[in-house]
Structure formats: C-alpha cells, structure tokens
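Have a look at this one before I ask anything.
Chain naming follows the written order as A, B, C, D and E, and within any one chain the residues start at number 1.
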C-alpha cells in the first residue's frame, strides 16, 4: 500500500458496465521527506475508487492490484486501486509529521 | 488505475489465439501538472485493449493487471491493460482542468 | 501490455521443472518518441516467453503478470512475461511510424 | 520481495471493514550500495501490514501483490504489502554488511 | 521475468510461518548495455527465493508476482520473487555477451 493525497476526480459517462456508480478520485502518492520531517508529494497521478468519502487534500491509504478487489464494494470489478483508509496521523521515527485537521 | 491519452494503435497478424479480434490502442499515461492547472503527458507508452471505441487524443481511464480481466470482454484473455472509461472531465482541487470536446 | 523489441535470448540448463522447453527471449520495451514520429528504445531489459517465433529486431506486444499465464502454452507456469503478438505496423496520430519489413 | 527499513506508522480511524485492527507501518525500501559495502535508502515510502512486531529502524523483508495475502493473518484482506521477516543480518559477496543490534 | 545477478543473502530468524526454511537471496537486476555488448547492473536490489542453488555472482532468471508461486516449492507461500533458472549464456543480436564460467 502507499500514502496518497486526494487531488480531484474524473467523470466518465462512457464506461464498462461494472464501473457504473463508482466514484473515481485522482490521488497523488506521497512519501516521507529525506529528513523525515514531513510528507511530500511525488508528482505522480493515480485513479482510485473510493467508498469512504475522502475529500480534497486528505491523506489516504491506497491498495493496488488484485488486493484492491478484496473490499466489500469492489469484488469482481475491473478496479486495481482503492482507498482503504483515511489517515488521521502519521508518525515517523517517533515524531508526528501529519495530523488531519478534522 | 491511471489516466492516459490515446495515441494510436498497433496491428498484429501473428498473435496468440485469444487475442484474435481485439483492438489494441497505444496510450500515454498522463498526470496532473505540478501547479495543478492541467493534464500533462509522461512520455511512457502502454498497449491497452479497448471495447468502448476511444479515439485518438481522447483521455481514458486504464486498469492494469489481473483486474483488467474483470470486464465482460476480457475474462481469461492474456490482457493486462484495458480501457474502462472515456473521460468527460477532470476536476483538480475544485477547478475543472479538462473537458472533453465532444 | 507494452511494445518491445526482440534483442536476443538466454540459455538456462538448470531451471525449475515447469520451464523445461520454453524459449526465453530478451526484449527491450519501446515507446513512442516525444514528437510522435518514431518508436524508440527505453534501455530496459525483460525476459519473455515466446511461442510465436519472434526473431531478432522484431517488434512484439508483451503481456505481464498473472495475465501472461492466460495463453494456451503458459497456464500454471512460473511465467510473468509473454509475447502475445508480433507487430506488423504502428500508427500514431494517424501516421504510420513502423512497418514490419517482412 | 525487497528489503526495507521501518520508518513509522499511520493511524486511520475511517477504514474499510477488513482493515480493522491491522497495524500499518511506513517502510522505506533499501538496497545494496554500488560498492557493495552497505545498505542504503531509496527515499521511497510504502505502507506495509505487520504481524511480527517490527520496530523503528529495523530492516525487514517485504512481500508485495497477491502474495501478501498468503500469510495466516492477511488472506482475503485488501492488503498488497506485508512484512514477512525481520532481518538479522545481510551478507553481500561474502561480507556481512548489516547486523541487527538486538 | 528479468535477468539478475546474485549478490548475497539475508538471514531472518523472526518470520511468518510459511517462510521457514526458505533461502532468500539478494539479487540485482541487470540489463543489456546500450551498445548491446555486455550485461550491466541496474543498482536495484530484490530478495528472491531460490531452490536451484544459485551462487554469488551467477546470473539468474527471476519471475515476479503471483507467477512466482507456480513452482513446486512456492505454491501458497507469501513469495513474490523466485529464481526459475540459472543462466548459462546470453546472446544479443547474434553475439554471445555472457558465458557462465562453470
């Protein structure tokens, strides 16, 4: 899995049948900075299915590959990237480097 | 999943049996620009199977890996990359950065 | 899937049982050049199983991961990369950028 | 699989059901230095499920993808990255380049 | 699959149950040099399970992902990287660029 920041979403009217009604978020993978003091972006973009209601700028945990079909809402769907958790806080080497504002 | 732009297609007369009759598109993964204002290319090339009729220069959503066999047309095929939707619009941090011209 | 150029092959006398008799090609993934005018190498090297008889310098389509076990000759084999087609031609934005010499 | 160093952990209160009660570590993949004398970081960050009790700064072995569901605690979970071992020592070209302090 | 050079090994006393008794090698993926004349390292490090007895500095073929569970010794194990062959020789564009010394 990896940490990612929610950046936006995509709308698709033409889609394969099993994708009807699924919310597709744009997420940017993030990582721990070299000095271990903060969470920084990687510049990459993925599309992830979300059933948890993650909002813009929130940090989430993403699962990829066949394991992304192991949630109650995604079994048998052509989905390879799913939000499995919304991050409250991140601790690196004993120091809290991220705390959700909510 | 990831966003990609349709660039072209490949023709193969010699192919394994289960690939007969499948349209294979060349797609370039794209991402959100660092300033979050537009969609930009990555320079990479993938081959994706398409059943939705995506045309040159259109943005699509691509699923990879075993999940690409979860569409009605691709089960049991040696396919690891499939178009699952044609993108109408992309919104980043509340601002629309892409709108399909059709 | 991705496009690749056949570069050579490897010979292994000691191998796991299910790999007996399989031809293993060295392939270099290729991509569309930034100006969309030609197919260029990436410098990377993969080993792919081939049952189609692809020869040196030919362009092929490669499937990776579990989907590479979906051809008639590779089911249940410890194979994660297989040639699924030999490319006749590649068209990018309406222009033919590659044509097999055969 | 790959070697990684434990950097910290993430807390998620909102998560998909099957992730309840799982400890999620932040790990940084590491590699052998070019001169084969030490283990160095790569700067990348992954989230891995851990059932072995790995602590900060320890080196672990990570399994990715569907194989990460092959441990007793992760079958059927939306998990694509798991700690399968805590490293005692690493030997490169006959020389010990890492020894756990415990 | 990909070619890799055996660099060393890791010892783990604490491990998940299904990893008991498995030898874990450190391998460095290699590739064909740009001028097609030799095999060169990539600087990356993977951990692979080996049942063939590959030794330091030998070139091997590695299978990744779910396909690495398709050997007689790895089915149902949390293993995503396995040695499937020890390379005797590598031929690139008709020229032998590697020959095992044994």
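What we mean here is this: a contact is a pair of C-beta atoms (placed from the backbone, for glycine too) under 8 Å apart; a residue touches a chain by one contact, two chains touch by 3 or more.
Predicted, not measured: the structure shown is a model, and the values here were computed from it.
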Expressed in steps between touching chains, what is the minimal separation of subunit C and subunit E? 1
Rounded to the nearest Å, the gap between Cα centres of subunit A and subunit B is 20
If you average the Cα atoms of subunit B and of subunit E to get two centres, how far apart are those centres in Å? 32
Numbers and ranges of subunit E residues touching at least 2 other chains: 65-66, 68-69
Can you list the ring's chains in order, from subunit C toward subunit E? C, E, D, A, B
In the complex of these two chains, what residues of subunit D are touching subunit E? 1-3, 30-32, 34, 36, 51-53, 61, 63-72, 82, 84-94, 97
Okay, in this complex, where on subunit C does subunit E touch? 7-19, 24, 26, 28, 43-49, 56-57, 65-66, 68-69, 76-81
